[in-house]
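All remarks here apply to the structure that follows.
Each chain carries a letter (A, B and C) given by its place in the written order, and its residues are counted from 1.
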Amino acid sequence: MRPFNPLFIPEVFFEVLPFLRVTVLMLAGSLFFGSLLGFILARAKVSGRKASRFIADAYIAVMRCTPPIVLLFIVYYGLPELLLSTAGVNINNIDKGIFVLVTYTLLYGATLSEIMRASYESIDKGQWEAAVSIGLSPFQAFYRIMLPQAAAVALPNLCNVIINLMKDGALAFTIGLIDIMGRGSLIISRNFGAYALETYLALALIYWGLTLIFEKSFSILEKSFSRGKKSLAE
Amino acid sequence: MELDIKFMIDTFFLALTGVPVTLSITAAALLISAPVAFFMAISKIYNIKILKQIITAYVSFIRGTPVVLQILIIYSLLPSLFNTIIRSAGWNINVFDINPIIYAYIVFSINTSASLSEIFRSALLTVNKGQLEAALSIGMSPVQAYTRIIIPQALVSAIPNICNLTINLVKGTSLAFMMTVKEVTAIAKIAASYGYNYIEAYLDILIVYIILCSLIQLLFSMLEKHFGSYRKLTGAAQKTV
Amino acid sequence: MLELINIHKSFNNNEVLKGVNIKVKKGDVIVILGPSGSGKTTLLRCINFLERADKGEIIFDDLHVNVRTASAADISKIRKKTAFVFQSFNLFNNKTALENVTEGLIVARKVPKAEATEIAKKALSKVGLSDRENYYPSKLSGGQQQRVAISRAIAVNPDVILFDEPTSALDPELTGEVLSVMKQLAREGVTMVVVTHEMSFAREVANHIVFMADGVVVEEGPPDEIFTNPREERTKQFLSRILPPVDDYVI
């Protein structure tokens, strides 16, 4: 069997960690734009006209069935073509990160919208009614009363979404993005395929570490949010 | 933007030939991981000290790392590992003749077992404890109580989560092409490389997955209706006038 | 002060209010009685536009609106002159008792925080809950929550307070504390419109009873008239079922 050199793993860490910046940037960017898209979709489903509700439903259903790698390649090959033929814009030289952001925004916009919608709908409408009955405007009622409560409910699901987004984002290297995975595959090709296992293990450990950090952070956040709530233990 | 429609139609039917492979990986992963996941769920619920810690670490690692890395790890580890085992056992098998789908079965079983164990665990916990107590007090053995009363109820409540898991599993198999498994994605990609019709090919793949996904959702909703028929339907909230 | 004229409201082809008229004078304590399905809660909710009536007019002092064409500004004006106490309390779960009471003042009426806090503290002490100011609703009993809800309503100094079955969701032991707060408010001259099944409150405190059934006002008048000499058959039917029989001897 090919020699396994565990000491190679720390070397991989040092070479790959600077590129964590790219991984996290893609994660944050997709989350941000995905939330914007998610809000639009959620709003369409909650209070929109029949037509917009149908479009939102259809979009979410399609995205639910789409493997990330397939969407990644559709965006990577399709977006330049689309922009070239419709707007004459040549984007063949832009950063691969743009394709990554577009892909995961489209994909996770759907997931995020469902989370927003479910958590908003789980808050008793009586809260909103009480707010407007003492004179708050509908917007104030939403922003000050419904939104904070919905956000607290959404937190655990949000944690799962962020972790899943990070894991799905690991595919970005297949279109050439140099994040930690991309750097890792460069290391492997540099060594003509040797040390592949060590490199992959190192990358897995990094992802695992990030997952644990996210889970811990969210559990702290959830505790601080549930100051006023009855816990299951009571 | 022009799409080669003829290519798309041809490739669509070509891609369909990969569906059995996709389904076999999905089915194998579910069938193999189910008993394992059940065992892990029970171990965690019954708090068997060391076992629980190992399982928790295992589940945390599998769920905390991307599937693509698990695939790459298994694919770079197993062939040479098998090779070593085969050589030292003196068998006359060529490791490279092993159908790569075996590796796919292994990776996706490992991956599914982790998520499935969490689904089983929370489903078992939702079943009212009184059900077990009632079963035991009319003389059923624990095994009977579990198989006849607890597990059926737990499974029904778990159906939506299992549906989700299956859909994610099917989507995950789209990565099996990295292990040279000839499933939907691989077949379409190969067809695309002849004439650089990548967009058409990937759109076809997407359509195939949408159809698969819809069928799975249909199947599970039928399962839920059939097995869950004993449940009381919660009526719509009363409107006070 | 407040008048509702010819209010109609349907839900999905089911006409719940079939032309209802109500007049509220300053200082009135109006109790709306009736069987379930009579439309009493819907009528109340139409006043502050939690439900928008299909037809009719609402006159509130110098504000005259047609319910169909009422603008958001009109609705907002009406909501600033009224306050609503809900059957299920509807305290803001993410705010303390004190914050619940100051919310309407600070956010909707732009009252400075210090002044709002003072008003809120007075309102809370009025209902006997000064020691619970910083408690979250989940830590309060039903009766306490409803009393906070009432102080939330009085803090904004509305022209009229609307009560929708304020004690129906409470354990019998807790209804007393809420009813005594409401009686106190009535004594002080607060204008109230109350939908309730608490007959003792209706008899002792109300100065006008409105009996509704099947979406119309069947009969209205002062409590002694309605309770002892109801004119309409429907009213008699309802009262005979709700009130204990007059000659009830225990042997």
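To be clear about the criterion, a residue touches a chain if its C-beta (ideal position, glycine included) is under 8 Å from a C-beta of that chain, and two chains touch if they have at least 3 such contacts.
All of these numbers come straight from a predicted model, not from anything done at the bench.
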Among the chain pairs here, which one is joined by the most contacts?
A-B
Looking at mean CA positions, which chain is nearest the middle of everything shown?
A
Indicate the whole-number Å distance between the mean C-alpha point of subunit B and the mean C-alpha point of subunit C.
55
Distance between the CA centroids of subunit A and subunit B (whole Å) is 22
Averaged over CA atoms, how far is the centre of subunit A from the centre of subunit C? Could you give it in whole Å?
47
Got the subunit A residues that touch at least 2 other chains?
none
What does subunit B use to touch subunit A in their complex?
1-2, 60-61, 63-70, 72-73, 76-77, 80-81, 83-84, 167, 171-172, 174-175, 185, 198-199, 202-203, 205-206, 209-210, 212-214
Note: in the complex, subunit A contacts subunit B through residues 1-2, 62, 64-71, 73-74, 77-78, 81-82, 84-86, 163, 166-168, 170-171, 181, 196-197, 200-201, 203-204, 207-208, 210-212
Given the complex with subunit C, which residues does subunit A contribute to the contact?
124, 126-127, 129-137, 140, 144-145, 148-149, 152, 227-230
Note: in the complex, subunit C contacts subunit A through residues 48, 50, 76, 79-80, 82-84, 86, 88, 90-96, 103-104, 107-109, 136-138, 149, 152-153, 156
